[in-house]
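Following are the structures in question.
Next come two complexes built around subunit A: one with subunit B, the other with subunit C.
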Partner chain A sequence: MEDFLTLLLAGISVGAIYGLIAIGLNLTFWTTKTMNFGQGSVMMLCAMLTATLIARGWSQALAILAALGVVVVLMVFTETYTVRPALKIEGSMGWAVSTLGVGIVLQGLAALWFGSQALAFPDVIFSAIDDVVVFGVHVSLQYIAVLVLALALVVAFELLVRGTVWGRAMRAVSMDADLASVIGIPVRMIVLGSYIASGVLAGISGILVAQIGGTVDPAFGFELVIFGFVAAVLGGMGSTTGALAGGIVAGVLQQMVGGYISSAAQHGMAFGLLILILVVRPQGLFGQREIVKV
Partner chain B sequence: MVFSRRDFLATSGAIAVAASVGMPRRARAAETIKVGFTTALTGPFNEFGEGYKRGIELAIEKINGAGGVMGRPIEIAMMLDDQLIPDRSVQNMRRILDNKDIVGLFCPSGSGPTLAVIDMITADGRPAMNPQAQTPTVIYPGGPGTKPRPNVYTFSIQNDIEANFMAGILAKKFTRIGLLNESTGYGKTGGELVQAGIMRINKDAVVTHESYNQKDQDMTAQLVRMQRARSEALMVVGLGADMAVIRKNMVRMNMTIPLYVSAGGFSPPYAEGAGELALGTKGSQFRKIATKPPAPEVAAFLNAYKAKHGTDRLWGSDPEIPSPSMGGTVASGYDGMLVMADAWRRAGTTEAAATIKAMDATKGFVGVNCSYEFTPDKHHAIEVDDLTTYEYAKVDGRMMLVQTSL
Partner chain C sequence: MSAFRGFLTRLMTHPATILAAIAVLFFGAPFLSNGTVQILGFLMLNILLAQSMNLLTGIAGQISLGHAGFYGMGAYASGILMKTVGLPFLVTVPAAAMIGALTGYLVSFPAGRVREFYLAMMTLAFGLIFREVVREWDGLTGGAVGLSGVPSTTLRNLTLFGFTLDALDYFRLVLIVTAIVMWLVHNFIQSRFGRAFYAIHASEVAAGCLGIPRAGTKRMAYTLGAGMAGLAGGLYAHMIGYLGPESFDLARSIEILVTTVVGGLGSMAGQILSAIVFTFLPEKLQVFAQYQFIVYGLILAFTLILLPRGLAGLLLLPPRFIKPASLKHVTPADVAIQPVRSDFDSTLVVEGVTMRFGGLTAVDDVSLELHPGRITALIGPNGSGKSTLVNVISGIYQPTAGTVRFFGQAITGLADHRIAAAGLLRTFQDPRLVPRFTVRENLLLGAHRRYRASALATTLNLPSAAREEAAFLATVDAVTRMAGIVDVADQPLESLPYGYRRLVEVGRALLAQPRAILLDEPAAGLSEAEMTLLARMIRAMKEAGLMVLLIEHHMDFVAELVDDVVVLDSGRVIYHGDIQGMRQSPAVIEAYLGAPDTDAGPGDSGLETAHA
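== the complex of A and B ==
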């Protein structure tokens, strides 16, 4: 029972991070039917900047805010110069190549600026030794903090989308950008905002993961984005709740497979799950079947 | 005095002839002995590649400062970056092997990249020094005790040597042992050899053997399996950055059993990432480089390193004595270059067959990590006696590796 709880809680926590990444991917998919394939590099850049600034004596809060500020500028650049031009061509997949390209360039720049070795990342929210005992199991406060933060972000996002004018405008853009533009919704701003929010979520995810692992390097983030993508598809592309649920399901399954079947199989499990979902329920757990009238 | 055209031509011709007589000697003197290598100069494990590059450079400076080999200076003609990625190592080594001016090779950092290129190097036939890869099949394709590859020599701690050392310690102290290794050639063979060594010493031992992928951010599943098996100690065969993740994961799970690591696990990113959580971690490392007072050849190496690079992250936190991990990151490259240069000197040529014959006759060459001796049947030098046990402890407020009895 103790093993089960340990695996379950670790899975929920790791899954919550996948969920955050998935929500970021969902945001841009919602507004433009595109995804930032350089999301892993955004995670890496934010974490490396934070680690570097803290090492130079900045306060943690200021370092995180500054790193997130850089991410905002980066996402404005990405949307303006790599995604928008590609979207002008009907049916073009140029955005996939260009966002991936930005990610690769970021990796190179990070290696140039920060060095290519792994940087030590300090404890930001609690340390590895902070824990509480739940049903006789030591539960890391770092894991709980990750879960609480992920849930808070999902709730905040849902409130934003359902309860504010900007949220309604965002939904309108996701349904029909041309019609939204005709009725005066600032589509350009909404799309830009979705990229910025997506980048900020990736940045926060990067910081959360880096503090758990303890190090960050320019190659950081790539694999996590793959699991985030699995979470997004599993939950249903476009669904915030689905993204979090998908992330947690993927995280928990990964831990259970690793803990009870084989640790060597835990990564492959995620892709097996992806294939299964695409076959059985292509719209994902919380997604809606897309109906196109012709 | 007026020069006629005939006088001018005659004088010019005489000068040209005189110059041409002297020229070949000067050209030969200036012609460098070229070496080449591919290694992890960047990437998350670049402490190994950067380290051995520095070791080779320091050795070359020492050799060239003393007049070179046969009057010729040594030069790094090709130095390529593979980030410890085997595919890139193959591409890089192909380029290096295509350069026929290169007479001395160094294998990449890490067993994965080295295993990917070692057959190419063997087929090529030029002498190759292996500073860091630990998998025995790099040197002995049929396994330890079999015939070595004719042109490859290792300066690293072979997995079988380290496994025997660690198995001897673990099997005597514990009956239920958790064994975790990275899924690379280094980790896999290291883990298997430690397990075999433990079982050889204690047939009743219960070994729970798990693996992980380099750069995994969570090891809960593997550690839970260790807990379920009631392991009394955990031995990890892996590298520093991953060690930090494992140590933090153990602490989060309130897993208090002793942690033992392979030599690679003591590389700088471990202490940097885990901080004081690394205290108490034990493992094997080179003995000689961190022994006080240092032997003259070690002191010369350390002084040269300090003068060029200072007491940086590869050196460690004690300004007087380096971290023993420098034996694997820097000194193995340094020793490799010095031993190869010594072979060229004894052979009187850089021609491959003669160099290999001289390498096979290396005896009592005193290096930083050990005294080197190679024969046609023995192409490794580091033995169990060249290792000792270390533990992360706090000394004068600084965290450092100190020699300990396990």
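== the complex of A and C ==
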């Protein structure tokens, strides 16, 4: 029973991070119907920079801010030089290839700079051994902190999208970019902003995952994006609530399968889940069927 | 430069050169060092992989970011089947191809229901997860340590028909297999299948409206591409005798993708050039190995934007999608449109069709009928629902209410390619052709639904398939004559002015031998001369007994041609009858001029100027 509760909490906590990654993917899906296939490297780079800077004696807050700053620059570059030109080529998914290319470059550079070995990730808030007792079960404080932080980010994000002018402008762009442009919404800025926000969410997710796992290496990230994608598809592409719910379902299933069956099955599970949901309910749990305009 | 391209293209694609290259490799291999023969063996596998990726990405426009996963499925399948189960080479290698193909089919299974980039993400997921599962499932795969002792030429325990194969024999075998597969793929690409793949790539909606099923075609592309990768994997397994998960990781998938992109999407010859570069470069250039991953990343990030056609675009002529041999055997035919037999059931009946988008009613309870040999004009102001109605009839939208019956059968809600297959064709307001195809290739695409030769006969280039192709090419000739586009028949469509594109699109629909045709503003943007040609085509359709629905704003053009007129306004039918009656109809005048009680008499001035 204690095992079960530990796995459940770990699943919910990791799942909330998948949800964050999924929301990041949703953001660019809204504005341009694209997503960054190299998002995993953004997560990796952010976590690696944070770890390296803290190891060099920077304060934690400053290290995280600096790493996120690098992510912002990177996303501006990605959107400007790889997504936008590729979108101009009609009938092509060139953007999927070019964004993946940027991710591969980053992974290669990280391996060159930091070496391909895993770096230890410092304890930012709690250490892995801090725990509290809930219902007679020892629960890692780290998991709880990550969960709370992830939930807070989701809520803040939702408020931002629903409550602010920028959020409404973004929804207008997602409905019809041409029309939005005609009525004076700076579409270009909104698209760029969606890429930046998407990268920042990915960067934070990277730091949170690294915090739980304790290490980070250059190959870290690609698989996390797959789980983020599974979460987004499971919840329904474009839905924020769905992303969080999908992430938690995927996280819990992953932990349970890993804990009770095998870690090989744990990896296969994500893929099986993806195929299953696309066959049974392609619009996901909370999504709506798309009407393709002709 | 273009002369050089022509020369190089002829050289690389000439049967004599290809046979000579194969012979040189086959008979020259004994004079090479063992190391060189092995690298040449890897070159063959890289060519196979690049061709498989080219078929999937270059031709069908679908992206695989986990190709090493399919490759690995084949390698482990053949390795395990031979080492653990004890099956012979002749069974395990074909099994590897089958298992690869099956995996590709499963990954692409949701093709019809999701955006295309989902499939790219699924291949990425598959590639990553394949490696993880191989690493963890050590009982079957040897795990991270790898699977050693697979019967191979290095261990000298690989046999075929009782003979032990050495490295040289095996290279020759791989060479022959690669050559045969390439010949088959070449036949496949230069047939209706390759053209259908490329049509899906260019415009799914247009392809669907020619009777090309989108989901099925994508699944076929993934199945064949993954099957070829699986075959390469099966051959790889017995080249070294050891399989490790790191041979099939993301880096390998990236390498295959890079080879294809650099070679030039769509070009088989370009793939060979590129495979040569990427097989020998890392071997010869140690510095390159260190920065390999970064260089590959940079190539992926920028090649498609800066050099979208890769090496082939620089060095070779664009690939063609009709076999040159078929073009030589075309016998002249005069009939562009086969007469349609009709009886009293031959109608297209639209009954009470309503189409709502959220709160907006675009088409409101519309009923109309088309009859064989009659041209019905559908007119109305912009936004009156004309194109929406055509989209409903042709199966692109599912109507909110109402039915469409064609030859007595309800076709409401059928997939667009099924409706096209039943003989109901359409054209688009903005011509949707394949820009890189020639006029002839575009027209031939229209005949897709009429081909009867099987995929096997086509891929083997059997005489029956070649005869069928020649027969359709003859019809293409007749249509180009009727449309007045004989001179440009072999020009790429993207190089032609707009008017030609319209004529080609109407011609393409005729190649499908429709029983009913819906023309969505075919005269928009045409010159007077082109309009005369178009009118000639439309009259020929009427004479052949087709049902014709003509959406048009150009009143002079409409008045000369039509038998019946239906006028839509705000999604409702406001007039049904002949064209004289329309000009006097108060409802129509009000719709166009927006003035219920002006002095302007029932003249036709308003409608004459109403064309957009």
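Here is the rule we go by: the second predicted complex is superposed on the first by the 286 of 294 C-alpha atoms of A that agree within 3 Å, B and C clash if a C-alpha of one lies under 4 Å from a C-alpha of the other, contacts with A are read in each partner's own complex, and residues count from 1 in each chain.
In the analysis below, a residue touches a chain if its C-beta (ideal position, glycine included) is under 8 Å from a C-beta of that chain, and two chains touch if they have at least 3 such contacts.
Given the structure is predicted, the values throughout are model-derived calculations rather than measurements.
In the superposition on chain A, A:A264 contacts both subunit B and subunit C. Look at A:D217: by the touch rule set out above, it reaches subunit B but stays clear of subunit C. Contacts of A:W166 after superposition: neither subunit B nor subunit C is touched.
In the overlay built on the shared chain, the residue A:G94 is in contact with subunit C alone; subunit B does not reach it. After overlaying the two complexes on the shared chain, residue contacts for A:Q142 are found with subunit B alone; subunit C is out of touch. Taking subunit B and subunit C in turn and counting the residues of subunit A each one touches, the greater count comes from C. Touch criterion not met for A:W58: it reaches neither subunit B nor subunit C.
Touch criterion met: A:A111 reaches subunit B and subunit C at once.
In the superposed model, A:I275 makes contact with subunit C only, not with subunit B. Overlap of the subunit B and subunit C contact sets on subunit A: residues 111, 219, 223, 263-264, 267.
For subunit B in complex with subunit A, the residues that touch the partner chain are 41-44, 46-47, 50, 83, 183, 210-213, 215, 217-218, 220-222, 224-225, 227-228, 240-241, 244-245, 247-248, 251-254, 269, 272-275, 277, 313. By the touch criterion given at the top, residues 3, 6-7, 10-11, 14, 111, 116-121, 128-129, 131, 138, 140, 142-143, 209, 212-215, 217-220, 223-224, 254-255, 257-259, 263-264, 266-267 of subunit A touch subunit B in their complex. Within the complex, the subunit A residues that touch subunit C are 33-35, 37, 81-82, 85-86, 89, 91-94, 96-109, 111-112, 219, 222-223, 226, 229-230, 233, 262-264, 267-268, 270-271, 274-275, 278-279, 282, 290-291, 294.
Those residues of subunit C lying in contact with subunit A across their complex are 61, 63, 65, 106-107, 109-110, 113-118, 120-122, 124-126, 128-129, 132-133, 135-137, 201-203, 205, 250, 254, 257, 261, 291, 293-294, 296-302, 304-305, 308, 357, 391, 396-397.
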